[in-house]
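Notes follow once the structure below has been shown.
All chains are identified by letter, namely A, B, C, D, E and F, in their written order; residue positions are counted from 1 within each chain.
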Amino acid sequence: MIQAPDLPLWAAIIVAFLIFSGAAMTLIGSIGLLRLRTFYERVHAPTLGTSFGTLLICLASVVCFSVLRSRPSVHEILIVVFITLTAPVSFMLLGRAALYRDRIEGNPEVPPQAQ
Amino acid sequence: MWAILLLPFAGSLAAALLPTTSRNAAALLAGAIALLCVGSLAMLYPAVAGGDAIRSELEWMPAFGLDLLIRLDGLTWVFAFLVLAIGFLVVLYARYYMATEDPVPRFFSFLLAFMGSMLGLVLSGNLIQLVFFWELTSLFSFLLIGYWHHNESARSGARIALLVTAAGGMCLLVGVLLIGRIVGSYDLDAVLAAADRIKGSALYLPALIFILIGAFTKSAQFPFHFWLPHAMGAPTPVSAYLHSATMVKAGIFVLIRLWPVLAGTDAWYLIVTTTGLATLLVGAWAAIFQQDLKGLLAYSTISHLGLITLLLGLGSPLAAVAAIFHTLNHATFKASLFMAVGIVDHETGTRDLRRLSGLYRFMPFTATLAMVAAAAMAGVPLLNGFLSKEMFLAEALENHRGTIIDEALPFIATTALALSVLYSVRFIHQGFFGPAPTGLPREPHEAPFWMRLPVEVLVLACLVVGIMPSVTIGPFLHMAVESVLGDATPRYSLAIWHGFTRPLALSVAALIFGGVGYAIFRDRLNAFTAVPLMGRLKGRRSFEVVLALIVSGARRLLALTGTGKLQPQLRLLVIIACLAGLLPFLRYGYEPGDRPGVLVDPGFALIWLVGCLCAIGAAWQAKFHRYAALILMAGAGLASCVSFVWLSAPDLALTQLLVEGVTTVLLLLGLRWLPQRHPEMLPRTRRLSPYRLRRGFDLGIAIAAGAGIALLSYAVMTRPLPNSIAGFFLENAYPGGGGKNVVNVILVDFRAFDTLGEITVLATVGLTVFSLLRRFRPAVESVRAPEQQRVQNAFDDRSEGREVGDTRADYLAIPRIIMQWLSPVILVFAVYLLVRGHDLPGGGFAAGVTMTLALLLQYMAFGTRGVEARLRVRPMSWVGLGLLIAVATGAGAWLFGYPFLTSAFGYADILVIGKVPLASALLFDVGVFLVVIGATALILTVLAHQSIRTPLTRPRSDAEPEAGEL
Amino acid sequence: MTTLMLALAITAAQILLGLAMLCTAYRILTGPRAQDRVLALDTFYVNAMLLLLTFGVQTGRTVYFEAALIIALLGFVGTVALAKFLMRGEVIE
Amino acid sequence: MKLALADHLIVAPVLLPLAASALMLLFDERQRKAKSFVSLLTVLALLAVALILFQRVVSAGFDGGPAASAYHLGNWPAPFGIVLVVDWLSGLMLLVTSILAVTSLVYSLSRWERAGPRFHALFLLQLMGLNGAFLTGDIFNLFVFFEVLLAASYGLLLHGSGPARVKAGLHYVSINIMTSLLFLIGAGMIYGVTGTLNMADLALRIPLVQGADLALLQSGIAVLGVAFLVKAGMWPLGFWLPATYAAAVPPVAALFAILSKVGIYALMRVYLLLFGGKVGWTANFGEEWLLYGGLATMAFGTIGLLAARTLSRLAGYSVIVSSGTLLASLGVGQGAVLAGALFYLVSSTLGLSAFYLLLELIERRDTDPGVRAVVEPVFEDEDTDALEEGESEVGVVIPVTIAILGGGFLFCALLLAGMPPLSGFVAKFAIMHGVMGLGRDISAAAWTLVALLIISGLATIVATSRAGIDLIWTPSDRPQPVLRLWEAIPVGLLLLICLGLMIFAGPVMRYMERTGRSLQDRDGYIHAVLPAESMAHRESQP
Amino acid sequence: MEAVLAIAIGVLTASGVWLILRPRTFQVIIGLSLVSYAVNLFIYAMGRLRVDAPALTGAEQAGAASLSDPVPQALVLTAIVISFAMTALMLVVLLAARGLTGTDHVDGEDGE
Amino acid sequence: MKRWIPYPLLAASLLLMWVLLTQSPSIGQLVLGSAVALLATWAMTALRPERVKIRSLRPVMRLVGIVIIDIVRSNIAVARIILLPPRNRISDFVSLPLDLRDPHGLAVLALIITATPGTMWIHFDRTKETLLVHVLDLVDREAWIELIKGRYEALLLEIFDQ
């Protein structure tokens, strides 16, 4: 399906740019998931998607729908807010769990627990 | 007439209700009923004697040509009379025979029921009805034979009799059904009138065979004879009744009854004659070697039944007359003999011929009676047995079909009769003459008068009939014969003396041979413990061996054709489903349709590339890496969520996304109770080839199933849409249902009943989970706290300044704040989904799951105790309330006279706010919402609660010191 | 022309996101550790959410928005549970 | 269309148990007395409703009027909305269900309801599922009610817990989930090809399907058929059945006696409705599969009967035999067999139910204390609702306990074996009469059916006589079983009904015949469901 | 699109069926879930595929024929709920079985 | 007031969320949204969250600004790290003592650190009051400590009451 909403050129350019760069940023984050060596490095990568990727694509959506409906459409902001609130929770919990698992296995790369 | 039939059953019921000690009352009841019936039967005699059959009909199953029909004609009358009269005598006899402590009401109850069944059998004017009563006689004879069920012999004898005769009864049913099919009616009159049609039918032979099997089993014909001797475990009155006038005569009765329509063909002749002949010989031969008096009588019964059968098989009217006559005679003398043996047994405590001797001096009356009856059995002149025997011999000398049987018959008959003489003489001589017996269990003496009376009556009958046949039995016999043979009734004479005829010569020869034979072999006969020639063919043993073989064979076959294991069952299910789906294509061929397809979106394709990888990965990992498999499964699930969005099904996507979350948590909750699996746990033997073969096979099935369903879906998707009901929904959702989201309107309005069922399923599963987990018994390894907690708690315990639980507290301290503040946000979102569902994607279900997720977050953040200290979590009530709201909303329509779930919607004009759309369907959705929260929360919290329960058996060892760094 | 340009950009973005998902799929499949899989799954969810947003822009409809919103707001529940399971051995204590 | 209050009665068999069980969820778990009371009241009301509906069918039907009446839920016209239909067949099934409900519930009250929590709610939900499945005229709604009844049956099967039940439950659940998925696939394909879900509408649309769509439709229907056959326990799809039924507590197993008949019902309903038209390819579709499958099932059940070591297994294989008999009777494709088969269905269901109730009473003497230990509380917070506690175990010891048990056992055995005097004989006769009575020749399959009927009856006698003699006649030092009056009464009631079926076989059979005819001549059903104009419209199509 | 979805359904089914035929309870439950996904998609597919045509109508009715078929969607929704319920049930039963029989083999006895 | 609207800020945010969700600021939706928001805040009280003790809201805007800038910068930095060929980059854990005690303040800090690419909140030990952070590109350990304490913690200490 090759289709797109009917937008004025300027808006189309903005939307296209935002959406593409957002996707690209996200892809970079996911590539990081592939390329980085340790778990603790990899855990940084997805934040590209949750921060910039989401922000850019949501902005694209805001522009697109605001132009389409000729009134401000900002509900996408909710997504940015929610993802900013929830993604860190996952990462924190996961990071700590990984730390525990590495410590219990005696992985030298992680700092030991102070008694 | 119906009274005659019903009285015994009523009496049986009454006797069953009597207290166990009331032997006199029971006997009196039974005797009175028998007498009453005899009396009524006698009153019907004049009507029957005219030669016509009396019919009395009661509608039962008219559609099946099956009405209850009593048909009383000459034969029936005579048989009924035998049943009732001998029945009365047996009752009288039994009253004195049965021990005082025996709870006889039950006995008389069975006896009466048996009498009723037998009467029903002979009085049946309808073949199906006849089979009905036939099976009842099998049943009650089973109960009677097994009356002393504390004896092993009675139990097994009863069971054998039941199995053989009931099996025969079922064959008889088939035969009768075939007759019914040929004739078009089960009415006996119709059947008797259709002799030619029956004999000419292609189904004649199967019908004949089935009916004969039935008759032969009941009448103990070779090779089905073996049940009869084993039925001797029954109380003697029962034997006297069953084996003289009733049970075994049922088969004979059917043969006689259907003689006009079945006899006279080659098949009949060959089968019936041969069987009768074999039975005659086998019975007589076995009888001479019996040491047990009842056994002797049993085999003699078999032999005489064979004689009757043989006569019937010959097919000539005269032979039929002889058969009928001998049936009557046999009933009298055999009943009296059994009773006499019963007296001997009763008074001496044994029936062993080798131990008995010289009883004449102790019980002269009984001895005399036995002698007369035995003489009748042996065919001594001036007794009734002699007359029918002469008729038999006369028939034996006739040429019927010119077969080898005809040629040999005189010799065989004489031999058999000689054997009969032999065992009769042996019985009398050995039992009543000779020296006084020694070492008997009881001191023998004469039986009481009332116990002898029945024997005396019967023996008197033998004598009277034997001396003055034409005056006494003549009219009755004629009546019976005429009712069977009708116009074909031959001329026969009941005179005692026909001059020096060939039959007489054979008769005399038989008497001499028998007597001489006894003189020669008497001592040697006593030495036998088994019947020579047939010894190896022990009926009961082989029967039981066959049964055991059948059972063990069945067990082996069951193991072969069935399975108790789950995998093979699922395998079969999948294979059969695949085949079922495939077969039509073998016939019609497979072709995709020509609907223009939708162009592939690269994003969609990539999503599914990932989804498929995840699915395959899940399949790969599920054995050892459950956790990984769970994640992979979630990945595949996400792919399908996204594709629902892509394919214009946002409602599905929302719902599935939410359910995904709950499912993940759910499975993780479960995973805690499943102990770890490691590849190392596998024994090496797993690499064996059958295992690999099975895996390969399963892989094949899986691929076939996948390919099959893929092809099916492709074929449907590429076809144009039929003119479906969807159009109606799309058109009427807004005008008729008040909602713009057609899917939701379908769910809460058009097909709200489905939704009601669906939430019921959810509620039910919640209940089930709740119930099951109340008695949850975790695996031994998982009763303790998980390893992580033990290690962390031990660390906290060790470390200075830390308390047990600090690690957990630290871990959750920050996330829990965010999770807590998110819960009102999620709540608002849930309400939003609920409210907008009717117009846009969302709805009660999605909202409910959203709420559950909010609740779950709190549980994860604060633990079960933490949450339940703050909130009253009562999911069971939410479920109940939700269901009630949904039902009440639906039922609200009744008030307006509309069917259940009829929705109402409108726009309420509320001040300031403006028009607000209100649909009753929204209320219904609120019910759904509540049930979903309740049920999902119920399931999850009940699972979660397992962790905080304290096992009774083992103290919770959280703080167990264990090596390990944190 | 404008539309085509935008359409191509959106499709390209979708392809990029699809490739991003492939990357996450690699991690989900291979791990090596459980935490890697969880992390990748979480990323998969975010990528899918973004894909849905691009789809919304592509079609000019907002009805797909809630699906994305659900991932944003509730997608982490699974991850939290998975992480907590790793750390504590049980999801709800 | 406005309705009178009495017209809503059709939906009552579904709503009544639902509302009652929902109400029970609001009760505290300890209010057992109240729950028993509500439950009993509901079940009795269900019986009353079933009787009224049955009476309506009878009175309307025998007067020559339309026996079937439809209830259009949500006031949406068929085929768009969901319809409930009471007709000859569903009226009968409702009645049988509610009879079993009453007897099983009464039986459970004396003891078994206490074997685990929430028995009554699950029991009522089971009834709701059954009634809904019998009433619905919509194929997907049938799925939903199948799920309701299955979900409840899972709960009831597991009621009392313990390894045997849980293991059987695991198998039962797995197989049924898989089966439900097949149901969905089948129903989905039927919709994909025909575009409708209403059974009456399907009956009109299916004969019109032509060409390449035919393979798809048949494929879907075949898959759906497999799902039904699993429920019916057809060989080789029914191995789960004996183990499952044997594991359930007696009143549950007694109610389950109707469960396997749901599969049969669905087959009768769907297949006869959709393919009873005898037009084109729909004539005799799938008949031979039913026939041969049924025969194989009978044979398998017979083998199982002979091989069974316990009474409960024996009963389980009797269920299999009964299913096989019904399937084969359906498959011989002769209308006259239908009446007999229906009679058999009722008779064997009641008989099996009685048997399940009875066998526990007989085997109760063998209660193994080890078995109970496993289901004893595991956690400290269990509330003490175990079987024995609190209530007095001393029942009314009827002096003739053994006599009653023996008599009951005997009658059950006779009923299952097809021997007189109870209705089993009539049922068997009616089937054989039908099989043999029609057609120019008796086909080999018909002969086989007759033979298997005979042999399975014999096997029943062999097996039950062995078991009965061992358990009742053979002297042993086992204690006298304790029989409570309220446990004996349901058994007696069921047997009495069977006796009644035999005595009033004439009128009963007349009903069955009308039922059979209505299943073949589908117009009554279709007319009741669909508006007249849509019928006319459809019929005018080529 | 049709082909992609068909393949997806096929792969999900194949993976699921393979797992269902495995002897460990957890494998079976994962398998059942995968097959449920497949069946949900399958039912959905029975209404044919449509991109960007959600079944939302309104006063300003679009041509009904151009919308995606809502019936299979409603059916799938019901099916999703039911299969969730069944997954929960299966899970609990398998836990109970694991506890009572001491193994996670589907037949309650160890050894393949 | 406090009794009816226990968390006015929360209620307001929820109402805003409702309006955003419904995308229609009509009176009807406002009323409905307010009702729902109130309901949600009441539900929140049932959960008994710890009190948020806010001293001043003035530094909030500055914090937001800093965070946005940092996020943009670190996004680019991390993207470069991922895309460019591997160099000698050290990524390691950094442990630092914190003065911030308020749980909500800590939560915000955690959000900031984690949401910013390149840094990752791992663990806060409340007994030792030290924070463990993982840094992707650890050039200068002290610089990072200074960044967190100086840039974020200081502002948060201003906002939240201790």
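For this structure, a couple of remarks:
Rule of thumb we're sticking to: a contact is a pair of C-beta atoms (placed from the backbone, for glycine too) under 8 Å apart; a residue touches a chain by one contact, two chains touch by 3 or more.
Note that the structure is predicted; figures quoted are calculated from it, not measured.
Across the assembly, the mean Cα position most removed from that of chain D is the one of F.
Distance from each chain's C-alpha mean to the overall C-alpha mean is smallest for D. Looking at which of B-C and A-F shares more C-beta pairs in contact, the answer is the pair B-C.
Farthest chain from chain A (centres taken as the mean of C-alpha atoms): B.
One finds 22 Å separating the Cα centroids of chain C and chain F. With centres taken as mean Cα positions, chain F sits 73 Å from chain B. Per-chain Cα centroids separate chain A from chain B by 67 Å.
The geometric centre of chain C is 21 Å away from that of chain E, both derived from CA atoms. Of all residues in chain F, those touching 2 or more other chains are 17, 21, 23, 110-111, 121, 123, 125, 128, listed in ascending order.
Across the assembly, chain B contributes residues 564, 566, 570, 574, 598-599, 601, 605, 630, 646, 650, 671, 709, 712, 716, 719, 721, 724-726, 729, 750-751, 754, 758, 761, 764-765, 768, 772, 776-778, 788, 792, 799, 811, 814-815, 818-819, 822, 825, 829, 840-841, 943 that each touch 2 or more other chains.
Residue numbers of chain C whose C-beta contacts span two or more other chains: 11, 14, 17, 19, 21, 24, 34, 38, 54, 59, 62-63, 69, 73, 75, 80, 82, 84, 86-87. Put simply, chain D touches chain E in their complex at residues 140, 144, 147, 151, 154, 158, 161-163, 166-167, 169-171, 173-174, 177-178, 180-181, 184-185, 187-189, 191-192, 197, 374. The touching residues of chain B, counted against chain C in their complex, run 601-603, 605-607, 609-610, 613-614, 617, 627-628, 630-632, 634-635, 638, 641-642, 645-646, 650, 653-654, 657-658, 660-661, 664-665, 668-669, 671-672, 785-789, 792, 808, 811, 815, 819, 822, 825-826, 829, 833, 840-842, 850, 853, 856-857, 859-860, 863-864, 940, 943-944, 947-948. Residues of chain C that touch chain E in their complex: 59, 61, 63.
The part of chain A that touches chain B in the complex is made up of residues 1-2, 82, 85-86, 88-89, 92-93, 96, 100, 103-104, 106, 112-113, 115.
Residues 799, 801-802, 806, 809-811, 813-814, 817-818, 820-821, 823-825, 827-829, 831-832, 835-836, 858, 870-871, 910, 912-916 of chain B touch chain F in their complex.
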